[in-house]
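Take a look at these structures.
Note that chain A is present in both complexes that follow, paired respectively with chain B and with chain C.
Entry: the complex of A and B
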């Protein structure tokens, strides 16, 4: 089985973020990490590969100035990497991203393509559906459990109460929910050393036969028009003085069903 | 000259750092308070393969060099933890790798690389032979099918967490050799088969470091417990010292960086007389000075490690790096203590623990005075002082 894991590079969670004049996140390519949600996806891809054999490939669309995130996936156990990178991709919206990933998946060839539930930076969570639409293959979304038997993939999908079960014939796309809780592995020493021998290909739009005008800022139909920082205001009550304060706090905690 | 770390080295650093982040300062504080071996941490390091870094790939190890091994230990100590519980698993096997027979290498190295077998105890020091190893009295007497060992060691660390034990013993008494460095041999002992012939008595120390007095009575070992040739033990020991010096220096550099980071952030946050204490030169200069000393020691450490990996002699660099790094980390610890004021002494701030821990490296594995006499004699060509 050939499994392709679609991964995004997102800004490091350790650096502060800012928006540019175009209201888009200012990205510093040297401070990117694997989208934290994708760690579960990569882990799941590797587990499925360990179970069924074949090949597991990581695919990312990125400015490609560093390959830290791809290298990390290889060190975790992925066999090879494909990076789609082209200056014309700057400013792409979710539809353009879906178009590119769909074309890359077709070129790679896949039995199953895995996605994260969302990206930690934009949090749109729509890319898997868009890719499915372009490819015309089924998408099983928000899987918290994944099983492949023969040519069928079956998932458990988290619901408000319990879960639903869904299945689809391969080839199919699956988005993995964080709730899968599969304890993503760390890159081990062997993993890192072996990753050096694993190939990473870089493709441009031309390699995928995509016209530059259909992606990037020019083609983006989604535009961020404004943004506002979130401010949290905590509700608080202050009880001053010793007289009865402890009792009032206790009553409050009981009333709120905290204790 | 290129001072940049390779992509591989950067990835190693990031991965070890990530692993270490799973073990909080509080975890280390608890281990220290209970004088407990950091089992979970060592297991995680071993499972990820890091402790087998220096073992060649042919034996299932990482095939990495001293620069990389140094990065691994530096990151452990830089995270606020301590590499002392597991550093010897990385380098004690060097005696087997360099001087062991093919059979010994096949038998032990793959299992050490995977962590299935622990070789992280070595017995050199004796109650009456510390800096002067030639004075050891532990003896190994040849018998029909091997050796019988008798004697006493002190400061054998991690004995309770090691399956194998490298021991140096006299196979020829000192009064029967021409040079006092002759007549000593290295043995690889299976502690699990030793029974009551080896008795380990833990020594309480100011740090969480499992270390022991070892009493050896009529320990029978097979002939193939001998590493290399009989009588060459002291030379084999010296061959392993550079690696040990470089790795210890690396831990000190990690400690130093941690101290400096703690001091820097505390100095920026602590407000006294209406301003951050770090605004006072009296507070910031010592931190800057400590930073420079660590950076300088780091350069010498990397030079030593680079020469080691290139197969060039590196005795002077390795010794000097160990000296400078251990002095610098101790000083950096003192600066952190001073910067934190009273809180420096509070165990919840972890500085006092790390300071105690880093103090060891001025004394062991070699006392810094002995490094000075080495440099004076072997690097500067002055008369031998002892």
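Entry: the complex of A and C
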């Protein structure tokens, strides 16, 4: 089985972010990491590969300033990488991203393609559906459990009460929810050393036969016109000492109609 | 016989002498073959140079072996051992003479009445020592002599054998004296004493008994000779070498060995950790020979004391037993290190004789290494086996460590915080960043805990107040500071440690702190920096782990800095008069906990106490286990990042010990100790009447409350 894991490079969640005058994120290549949601996807891809054999490939569309995120996936156990990078891709929206990933998936050839539930920077969560639409194959979304048997893939999706089971014939796309909780592995030294020898191909739009005008800023159907920082300061009340504390908590809970 | 010349041939005639000569040659050949095998086993290990610093090593031998300094730290069994050791030598020299007697001659010096007196004195002392040992083993049965997997028979067999040696020797002396018609030349005090009841027995009987005892003695000694290298008493032969070859004191105690070129070693399939016996160095294997199973390490281990499956002694013995199992087959070439599982491969120790949880239980406190009388290094072995688990296996480590490693990699700190907020705690405190004043004489290395952890930010703030009160011109690195990598190194992720260490070394070198490299400070050209006279620039830190890593381990990667712990620095500020404290300001009863990484690993015991003795009106009320016998907080060796699920908790045990002193405050000098004890105090419900505080916090409060104490306000010269 050939499994392709789609991954996004996102800025580290631990650095402060800023937007440029074009309202696009200022990217610092040294602080680029694997989209944290995608770690679960990569882990799941490797686990399925370990179970069923075949090949597991990581696919990313990126400005290709560094290869840290791709190499980390390779170090975790992915066989090879494909990076789609083209100056014309700058400013692409989710639809353009979907178009590119769909073309790349077709070119690679896949039995199952895995996605994270969303990216930690844009948090749109729509790319898997868009790719499915372009490819005309089923998408099983937000999987918290994934099983492949023969030519069928079956998932569980967390519901408000219990879970939903869905299945689809292969080839299919699956988006993995963080709730799968599969403890993404820490790359071993052996993995890190081997990753340096694993092949990573870089493709341009021309390689995929995509016209530059259908992607990038020009083709984007949505445009960010402005942004504003929000404060995450919570409302809080600190009561020091024991005296009257219990009464105050009780009053508060009643005020808030909690009890 | 006994004395020169032998009056009676104990072997009877020339035929008996030939038989005896054959027995002698046979036993020694057997012994020599076993020793050759043992040496060949050691050579299966990796190379390691232990012949550096020879004059120092001669000192180790004189003190450790001839002076028995290792065992004498525990006076009663120590003295018993001292006399057994010297008695052994005196008795064996006597035995040498008995062998000569069997062949018809005597040895000069030894075959004299004077030597006979010395011999008798030691025979008595050894007997007393044997009684002490037997009493300890059979009746006292201290914690140290309990074992996880090894029974006490071996020890009793040896005691029995030594007793046999003594008894047969006294018998030989006694009946030799009688057989020589109580000749004055054959007199030794014990012979005189024990022959009294036998006076007048027929000469033939005396001679027969003399020969019986002589043969018994010879056979016991030769039996001993053969038994030793197969038993735990191999230590008799191996310990002198182990002491002579111990880590030179010129090398810092607190440094784990460097694994150079990790990636290259992986490419060449060389070990970067240890699991098979061939992954250890020959010296690490020799440690196993030297172990005499005294169990002092078990008795002091905080993990074992709180019910974890870590018996330090069994680690040393595990390596030794695996060496005997696998090594023999390796030498016979019935297995090899690379073969398939079915073809008979060397058995990995880790996961076999030594369990993963055993290795993860270690707090790296070094109590076992400190107490070992024969200089065995347990901690380095545990570190090498952890390196195997982390780097050579696929993530065989507690899962809660993954976020730690990832945070250290991505955020350059251990606490999953944004490193660009590293100096946030210092806002409004009037603290300079090194980038803004690159030439300050003193760098305060804050560390991850001081920078991010709420409790330890208070320590950092307090220490800054102390520095400011003393008028020290200092700066911090802020976001340019990264985790030193210490947790990664202790846990076994040497690769990550090297990455972070390199990063920090580059930063520190950039500011000209390296004593080995003349570097221009930033914003200044090389000429200007060379023109300025060299001067000592100091790095001071309140974290013993940062301290140990930068001071003792960064040198392995070329970073040579003058690093002091804040307790040392404060002590100097006090002594030079720059910091004036209100003496006896703190009236609480106060105890002090020695952190392992400044205590045992760096021998800093006095400075913290000197400071406390000035500030505290009652001085320091010591806990039972203090200074080099201090009991770990439970947080070292990366333990603070792991869950503690088995047994009771180390921090609770130590907090109880502190409470038992009747103190109302515990002074500490390490952010991890403070974290562990805060937790322990809360768990014990003592939060209201017992406090753990860093020494800097105690001082800062005193300085604030007693501003008239004459704190210097003008900036002092470094």
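The rule is short, and it goes like this: the second predicted complex is superposed on the first by the 233 of 259 C-alpha atoms of A that agree within 3 Å, B and C clash if a C-alpha of one lies under 4 Å from a C-alpha of the other, contacts with A are read in each partner's own complex, and residues count from 1 in each chain.
Following the convention adopted for this analysis, a residue touches a chain if its C-beta (ideal position, glycine included) is under 8 Å from a C-beta of that chain, and two chains touch if they have at least 3 such contacts.
Everything numeric in this text was worked out from a predicted model, so none of it was measured.
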| item | value |
| --- | --- |
| Partner chain(s) touched by A:12 [first = chain B, second = chain C, both, neither] | second |
| Contacts of A:193 with chain B and chain C, given as first, second, both or neither | both |
| Partner chain(s) touched by A:25 [first = chain B, second = chain C, both, neither] | neither |
| First, second, both or neither for A:71, with chain B first and chain C second | first |
| First, second, both or neither for A:120, with chain B first and chain C second | neither |
| Partner chain in contact with A:170 - chain B first, chain C second, else both or neither | neither |
| Touching partner for A:183 - first (chain B), second (chain C), both, neither | second |
| Contact residues of chain A, present in both the chain B and the chain C interface | 186, 188-190, 192-193 |
| Contacting residues of chain A [partner chain C, same complex] | 12, 14-16, 33, 183-186, 188-193 |
| Residue ranges of chain C in contact with chain A within the complex | 262-263, 266-267, 272, 390-395, 397, 399, 401-402, 405-407, 410-411, 416-420, 495 |
| Residue ranges of chain A touching chain B (in the complex, touch as defined) | 68, 71-72, 75, 186-190, 192-193, 195-196 |
| In the complex, chain B residues that touch chain A | 7-8, 11-12, 14-15, 18-19, 47-50, 52-53, 57, 62-64 |
